[in-house]
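What follows is a group of structures, each given as structure tokens.
First chain A sits with chain B, and in the next complex the same chain sits with chain C.
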Partner chain A sequence: MKGTIDDFKRYLSMDKSIKICILDNCSVEFLTRVQNEISYKMVFASYDIILIPQWVWNEVTDSNNRVNYITELQNALERVEIINEQDYTKLVDYKEAELYYLFQYSCDYIARLVSFMKRKITKNRPLEELEPYEEWLTTFYEQGLDGKELSNGRKQKKNAGEISIAVLSHILSFYYTELVDTITVFSNDRDAYEFISSAKRKFREDEKFKYREYISITFKSNDCLIYEWKNSGYINEGKLDAFVREYRQMRSTKFTRMKQDKSVEELDTTIDNQTFLEFLNDETVHIIF
Partner chain B sequence: MSIELLFENRKTVGRKLWLVIKDNGYTKSSFSKLTGISRPTLNKLIDGDINNLATFENHLQKIFDKQIINADKLLKYSPKYQEKEETKLALSDNAPNEHSRNSRAQKMFDILEDIVHLCELYQT
Partner chain C sequence: MSIKPITKDCLEQVMQQNSSIKEQIYGLVSDFNKRFNKSGLTAQEKQAFSVLKENNLIQIPIEDEHWGGAIIAKGGMKIPVINTAQPRVYQYFVAWHEIYHLLYDINLDEKTHNVAIDMDINERKADYFAAKMIFGDIYKYYYSLEDENVIDRIIKCMDAYKAPYKATLIELYEQAVEVYGDMDLKHTVLNHFDDKPKNLEGKFEGLELDPELVRSSFVISFGGLEQKVKKAINQNTGVSYHKDNYEFLIELKKEIKKEWEDLSK
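The block that comes next holds the complex of A and B.
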């Protein structure tokens, strides 16, 4: 990060409609691969600031290509910030009991993690008696998440990046409603989508959160990006087929399709490249993730 | 609201302060960090056990300075949220320190834990 977390908070309070992009490692990898055809200017023109949580950054640094891409981005756009999870407490003005809920609800997608938090962090105490955030955050990432050591010596933690993204996006969504216009998560990882979506359901059930104003969190998966680039004319129609075959793999895609009576069906199914190419020219289809 | 009146009602002030901390999503630790009041002093303030007016005023002022609540509203404060009855979960592990379960037993415990969590979800 170029500045401190206080600089970042000051930056947020300077404008009234900031458009934020939060980057996941898999999207950085994808953007690195397509960069000869799609420049970062085309990708990030709509955003004022790009955020990368520290745990995602740790994953980015496993590849020189990804680090070079982000470094170029930082030099060109200025506002690319790596946010350490330890600083989340400052972003919520030290409301650490609420921050605990942001973590617990973001983990709701994985029952084992919620159990871990209850056993090892709250320990059946009132939340107001929690240890300092820095301490329980370390317990959570070090003991709660499965991990393995990579060949480069880095300790990889399963879902650490996705959880960091989910919590950061919810912080911005709930605590910066007056200042932020858009929060878009660039990720092709279904877990990132599910962590955020299942947390939203929990917030709707909790009276501490359900009446609060919030900013919607939106997503751009690789499929959404290709769809956008095609519609913006960044990918030539004649090269579309080759582009999709080169850079896209068969994946589970969430989308809506308008039926003949104008009702909309929601679908979530594995889409191969041929079907995806048909989607790109089908005005009744809208890709969600 | 005069500081003398707050001091006279320091037990009530303490109870109200505890509600302010809970309702606003702080922990004792984070509230202490935010206001610069040490944890032991914060506990005394919450328990209404600060018996020196100057000390009492000094610490309350730190809270007012952070604009979390003002003197007029503190004594009249009423809780924003109903107390939610959380499911109580008791776990006991009396295995020796160096003991590690075999993989089959560990798997069984993991399944049990998931079942407990599911019960909790459906109960609420």
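The block that comes next holds the complex of A and C.
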């Protein structure tokens, strides 16, 4: 990390509308694989700053290729920041009860974690009696999330990265509305998309958050990136077929399709590479995730 | 629903309350039979559980002899819960009691229905609805029995209608007093009301009745949630949390089962 969290906050409070990209490990992996054809300049030109939560960074470090890619990015771009989850409290000006809700709502889909938070974090007490953020956050990541030890000795924690991304994106969305222009999450992991979407629904139902201004959080999955690169001419038409077959797998894709009467159909279905290639030339289709 | 400590001293008050809600509850019984009993089920307890299961009934043994069940209202959903550590007869009564709250209770909003106040009119309505769904002409049935011992007759009524001891006596009392003016039976009921037999299982066996009715079932069921999560796993291959939730559910089920096995050792 180049600067401290205070530097980062100062940067956010500069008088401009900041375009933020939050990177997930799976997207870094994808970008390292395509980097000979798609340079980082093509990928990140629209963003002022690239953020990587600490738990995502831990995953990145399992691969030298990924570390090299990010190091290169840090050297070339002015702002690539690794944000420690312990610093999230500074980002919300120590509103720790609210931060608790950001975590709780981001975990809403994982029954095991919902149960863990009730039993071990809040212990059914009012939030005013919550332990200091640094303490319960450690309990949350170390005891709450399922983990296994990798061959390199690192303790991998399931969904840690996605939850960190979800909380960070919502912090920026709610607490920096005047300063931030866009928040885009680069992830190909459906869990990350679902965690952020389900939290959004919970915030809309919660009196504490529902009337607040917020910045929308958008996504770029690998499919979205390929679509963008194709339209920007970064991938030569003649090589498109080979590119898709080399770098894309069949996956569940969320998209819209405009019908003949201009109404829009929302779909969420498994798309193979052949169909995806057809999508790339179909102007009625827009990929959401 | 907590099982109410109705005693013979407040039986008259119960009758007065029943009388004030009688018309409304008979209307609801008729409405229920028209609208919800479409599967042609004849066993009353199967009927009740069938309706509750359509509403994601959770069945779980809870170590609390006073807690029979509840409706949990959350996020626009109303989910019934039955304590399967209770003897089956209580479960059947609680099932009908909760059906009242589920289908007809306008007081049930975004809060868990878990009222323990004795003689609360809303609770009385639920109990009265349950009684009217369970009992037929118990007065005639009672007199058709040839046993000399009153307790034996009551137990045979419990068996015939699959109803708890006190609920059986309350119904018998109401019919004896209000329909037949049978003062002898009234006093008989009063004399036995607070003397529920200690060893009901033994009594059932002694009368060559199936004692399962007065035993717990210990069923553990999460309202079809397992099937729903399984379906979600198959439909959403890109997400991992459905699989996690499924595993969590199975673990939870195992834990509850193990806890009860340990308790019963």
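Just so we're on the same page, the second predicted complex is superposed on the first by the 288 of 289 C-alpha atoms of A that agree within 3 Å, B and C clash if a C-alpha of one lies under 4 Å from a C-alpha of the other, contacts with A are read in each partner's own complex, and residues count from 1 in each chain.
By definition in this document, a residue touches a chain if its C-beta (ideal position, glycine included) is under 8 Å from a C-beta of that chain, and two chains touch if they have at least 3 such contacts.
Predicted, not measured: the structure shown is a model, and the values here were computed from it.
Once chain A is used to superpose the two complexes, chain B occupies space that clashes with chain C. Judged by the touch definition given at the top, the superposed model places A:131 against chain B, while chain C stays out of reach.
In the overlay built on the shared chain, the residue A:97 is in contact with chain B alone; chain C does not reach it. Touched residues of chain A, counted separately for chain B and chain C, are more numerous for B. Legend: residue contacts after superposition of the two complexes on their common chain; A:112 is shown touching both chain B and chain C. Contacts of A:208 after superposition on the shared chain: chain B is touched, whereas chain C is not. Contacts of A:9 after superposition on the shared chain: neither chain B nor chain C is touched.
Judged by the touch definition given at the top, the superposed model places A:270 against chain C, while chain B stays out of reach. In the superposition on chain A, contact is made by A:194 with chain C only, not with chain B.
With both structures placed on the common chain, the touch criterion links A:19 to neither chain B nor chain C.
Where the contact sets of chain A with chain B and with chain C meet, they give residues 111-112, 115. Put simply, chain C touches chain A in their complex at residues 236-241, 244-245, 248-249. Those residues of chain A that touch chain B in the complex are listed here as 89, 92-101, 111-112, 114-115, 118-119, 124, 127-133, 207-208.
Listing the residues of chain B that touch chain A in their complex gives 18, 21-22, 24-31, 33-34, 81-82, 84, 88-91, 110, 113-114, 116-118, 121.
On the chain A side of its complex with chain C, the touching residues are 109-112, 115, 146, 158-159, 190-191, 194, 251-252, 270.
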